[in-house]
Amino acid sequence: MDWNVYLSGEIHTDWRQRLKEGCEANNLPVVFTSAVTDHEASDAAGDLLGKEDSKYWRDHKSAKVNAIRTKTLIENCDVAVVRFGDKYKQWNAAFDAGFCAALGTPYITLHDEEIIHPLKELDAAAMAWAKTPEQVVEILKYVMTKA
Amino acid sequence: MDWNVYLSGEIHTDWRQRLKEGCEANNLPVVFTSAVTDHEASDAAGDLLGKEDSKYWRDHKSAKVNAIRTKTLIENCDVAVVRFGDKYKQWNAAFDAGFCAALGTPYITLHDEEIIHPLKELDAAAMAWAKTPEQVVEILKYVMTKA
Amino acid sequence: MDWNVYLSGEIHTDWRQRLKEGCEANNLPVVFTSAVTDHEASDAAGDLLGKEDSKYWRDHKSAKVNAIRTKTLIENCDVAVVRFGDKYKQWNAAFDAGFCAALGTPYITLHDEEIIHPLKELDAAAMAWAKTPEQVVEILKYVMTKA
Amino acid sequence: MDWNVYLSGEIHTDWRQRLKEGCEANNLPVVFTSAVTDHEASDAAGDLLGKEDSKYWRDHKSAKVNAIRTKTLIENCDVAVVRFGDKYKQWNAAFDAGFCAALGTPYITLHDEEIIHPLKELDAAAMAWAKTPEQVVEILKYVMTKA
Amino acid sequence: MDWNVYLSGEIHTDWRQRLKEGCEANNLPVVFTSAVTDHEASDAAGDLLGKEDSKYWRDHKSAKVNAIRTKTLIENCDVAVVRFGDKYKQWNAAFDAGFCAALGTPYITLHDEEIIHPLKELDAAAMAWAKTPEQVVEILKYVMTKA
Amino acid sequence: MDWNVYLSGEIHTDWRQRLKEGCEANNLPVVFTSAVTDHEASDAAGDLLGKEDSKYWRDHKSAKVNAIRTKTLIENCDVAVVRFGDKYKQWNAAFDAGFCAALGTPYITLHDEEIIHPLKELDAAAMAWAKTPEQVVEILKYVMTKA
Amino acid sequence: MDWNVYLSGEIHTDWRQRLKEGCEANNLPVVFTSAVTDHEASDAAGDLLGKEDSKYWRDHKSAKVNAIRTKTLIENCDVAVVRFGDKYKQWNAAFDAGFCAALGTPYITLHDEEIIHPLKELDAAAMAWAKTPEQVVEILKYVMTKA
Amino acid sequence: MDWNVYLSGEIHTDWRQRLKEGCEANNLPVVFTSAVTDHEASDAAGDLLGKEDSKYWRDHKSAKVNAIRTKTLIENCDVAVVRFGDKYKQWNAAFDAGFCAALGTPYITLHDEEIIHPLKELDAAAMAWAKTPEQVVEILKYVMTKA
């Protein structure tokens, strides 16, 4: 069985890359999926259907196009990793965590110790809290390959 | 039919109060539910089962106790209102929105124009975006009583 | 048991009224629900949250507000009656029929013989096709009260 | 991952062909499915089980046979494209959209600007509205292949 | 809590009556529902919508009208009792048992010892097999009122 | 896409064989599954776990073992064909039809005209009624391969 | 809203009584349900349908009759309390916990510190672990009545 | 079709090995999955994310990490085999059985005759009770390969 792992959240650090490299180094049977992580392209997704004057509706239109991808991939994943960085609101990452919780899809949070209090509801519904991408790799390795 | 409306998010302003008063003034057939909004009591929910040394596990334990309430009430609601203020991370509100989205429960977001961009995914999955509690009252009145 | 019956479709003739009167005359244990049938109010539902310049987004916003009501009521109904008149596109009525079909909610179509061919997929998934509101009353009376 | 895309609606123009060619030109990982688009064969599907005298029951029988295919393919698809042309009632297309909405399957509507008002409920529940098959190709390309 | 008990199957003996009387005599908190048990009325249910020439389609139409009732009542019941007599095919009773099994609704079969072999799949998926209505009363009494 | 077709019912005639040969002759993309059709082996399935004195419990035990197979295969199928012959009670076939109906899995009934009346509820919930295996082949061919 | 709380597990101490009294003393809006807690009656439930020679099948028959009650009540509950004492296997209590976990129904475990290790999987899937019935009362009071 | 069989329970005897060898000897189309059966590694799973002082929270953390694996594998399996040995509490095995029961996933229990009474609820909800791994092999062989 290949495990399908969805990577949600922060797009400004290299955590996805480190996670993927760690899994490859361990030959883990894993397929990664993600939202579009090119910030500008993501904001402009709706423009493919015509420009909007209103900022609100431009965002709305783009977010719906992006949801075709994210909703499908999250619903198909076996496990999600939800990353919170030290900047930005990252409400979409928290939204993804809630979505997983309602579906009963296990997810792992990835964040620093400084933000455990505001993330307590998300950590409580998560199956694990990791501080580094390397820890996530260890967990995935254990889960997927330990006999 | 009484409508069951769950109020999620910000606990530092009087939006819940204004919303309830507006609905009462209009005699709307509505029952409101909410997480425990007493911040200290909420943080201490797990202490009822014994104190914890670790801050992480104290949060974890309290969040799980609170989830007995919030998960049950959200799953029972017909509509949710999810409020984002101008302070704090409010990741639990975004988590609730994602939970509703996955269940197919309609929700209304309530927030200022300044934060439409970071909330675009949540607004796109919402059925309406309101700027004031009074607008939410108008929507509920229309939805529940218009012939 | 009270039966919850959702009335979908045409808003330009008196079929809802005739159906309700027929059920009342027979003392049927039935509660009727419906979308907002005041056409102008329905088109303006989104205006409660602020005016829109774009016709497309005004429609979009209003349709989403209306869906808070229609989605909730359809999901709660035991049976739906879906009416197609001889004018207008009435795609929302067909949409409601598809929604019911996917949920496994039985529905009755109500339309003239002239349009059986374009409605064949909807009639095939329906539990009954009636030509008059009075026939629907007969069916509901039989279904709800026959020993 | 191959994406499974169901194409619903109008059978009198070449939109399916243009959509497929556009996806092929972009090497998109997509499998298309559809109802039987040969109008006469579709109307006669039930005749394989014996002729009917009544036009209503002939339609009924054929529509049920066709539903073995359409219901199965729609339930299996990741995304649907629902096309409305400028002629005919096309209630089955609207029915498919409602079916997708109830299942939580994302769909894209494809239609001209002239009919945005009667399609407002379907557009509001859709993830995107496109005016040309080429726009749909752009959306699918973005959703399936953007990193 | 009132228990909702659906009574499926044979309509030619007085088992429903004996079951109801036994439950009343014990003051059990139970509400009984059933298909229409007037055989002629049931066969003619579709005639309310117009006569049919074809025997097959008359049956089809009536069966669909009846299904509005039976499907709704079975989906709402807590327990079903499925009775097989010594005559007739009674395939609809077996159909109801399969329907309950797929929904996870517990059901009790009620039949003589002579037919345990052809009913083995239905008995295996049932929660109990009773030989008399009085035994069913005993089971319901135990299930509903024992402390 | 390969279609998974479950064949339920009668085991005393060659209908399964004719159906398979017809599909092979047409190169249909179909995989057939079935209950164990060796009657004696099926009755003795539970004996693998030890003999039983009671006929009822021997049947019970065997039926449960068989259900591991049938429940799994029916839940995995895209379409079922449910065959009723002119002998025996065949309640398990009717049970399978009810199971499919509750799951929303389309099924085709296969039986002679003589028994349309006792099968009316099963035919009404079916997507097609065929009189010969060859007609089923025609339907499957149309459903699976028509463009 | 009345909360429906299912009490699972140990029947040899007075924990149910203490829990009920504590909730009554606090006027909590709660309805309690339970399996039949009269051990002998529970073991004999199947005897109502006739005696069995085999101990295995007597147990089997009684357990199925009891499941009509327990399955229905667990599926209807909002929260379960699952109690493990210091004697007996109590596998049915663990079974109930697994059942709740799969349904997404929150449950609270109630057991001494000595057995936290063998119960670790059940505690991890639980929303809270209490050591005394009085602690459970505190949790329910907080969950149900705190503003 | 390959059958996915989850092996739950006892880790101190060679039943998994015997079961696998028996299936291999019969060339059964089966894929086995399991929790991590290395007891120490399983208890230490959470340590990969940092050590804990509290025994309770160490267990909690490890159990949650293990649940990423077990929950995913159980939800994906077609059949489970749940083994109870003569030692230890094995509450997690009973929990898995309850989880399967709620999902409608068939499972086979594997245990000695001495413990049929405390396991009666689990056996009643199971599809079969085997006393030896070889009997399970016989059942799987019958279920998967008998024509």
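For clarity, chains are labelled A, B, C, D, E, F, G and H in written order, and residue numbers in each chain start from 1.
By our rule, contacts are C-beta pairs under 8 Å (C-beta built on N, C-alpha and C of every residue); 3 or more make two chains touch, one makes a residue touch a chain.
Given the structure is predicted, the values throughout are model-derived calculations rather than measurements.
Enquirer: Could the interface between the copies subunit A and subunit B be described as same, meaning over half of its residue numbers are common to both, or is it different?
Expert: On the two sides of the subunit B and subunit A interface, the residue numbers are mostly the same, over half being shared.
Enquirer: Of the chain pairs D-F and F-G, which one is connected by the greater count of C-beta contacts?
Expert: Higher contact count goes to D-F.
Enquirer: By mean C-alpha coordinates, which chain is most distant from subunit B?
Expert: So the farthest one, by centre of C-alpha atoms, is F.
Enquirer: To test your reading of the model: what rotation angle superimposes subunit A on subunit H by C-alpha positions, in degrees to the nearest 5?
Expert: That pair's rotation angle lands at 90 degrees.
Enquirer: Could you put a whole-Å number on the gap between the CA centroids of subunit A and subunit F?
Expert: 44
Enquirer: Measuring from the mean C-alpha position of subunit B to the mean C-alpha position of subunit G, what distance in angstrom results?
Expert: 31
Enquirer: Just the number, please: Cα centre separation of subunit A and subunit G in whole Å.
Expert: About 37 Å separates the centre of subunit A from that of subunit G.
Enquirer: Counting only residues that touch at least two other chains, what does the list for subunit A look like?
Expert: 64, 67, 104, 129
Enquirer: Can you identify all of the chain pairs that touch?
Expert: Every touching chain pair, ordered by label, is A-B, A-C, A-D, A-H, B-C, B-G, B-H, C-D, C-E, D-E, D-F, E-F, E-G, F-G, F-H, G-H.
Enquirer: Considering only the defined contacts, which subunit D positions touch subunit F in the complex?
Expert: Against subunit F, the touching part of subunit D is residues 31, 33, 36-38, 41, 45-46, 48-50, 61, 64-65, 67-69, 71-72, 76.
Enquirer: Spell out the part of subunit D that touches subunit A in their complex, as residue ranges.
Expert: Checking each residue of subunit D against subunit A gives 1, 3, 78-79, 104, 106, 108, 126-131, 135, 138-139, 142-144, 146-147.
Enquirer: Provide the residue numbers of subunit E that touch subunit D in the complex, in ascending order.
Expert: 52-54, 57
Enquirer: Spell out the part of subunit D that touches subunit C in their complex, as residue ranges.
Expert: Checking each residue of subunit D against subunit C gives 55-56, 59-60, 62-64, 66-67, 70, 84, 88-103, 113, 115-125, 129.
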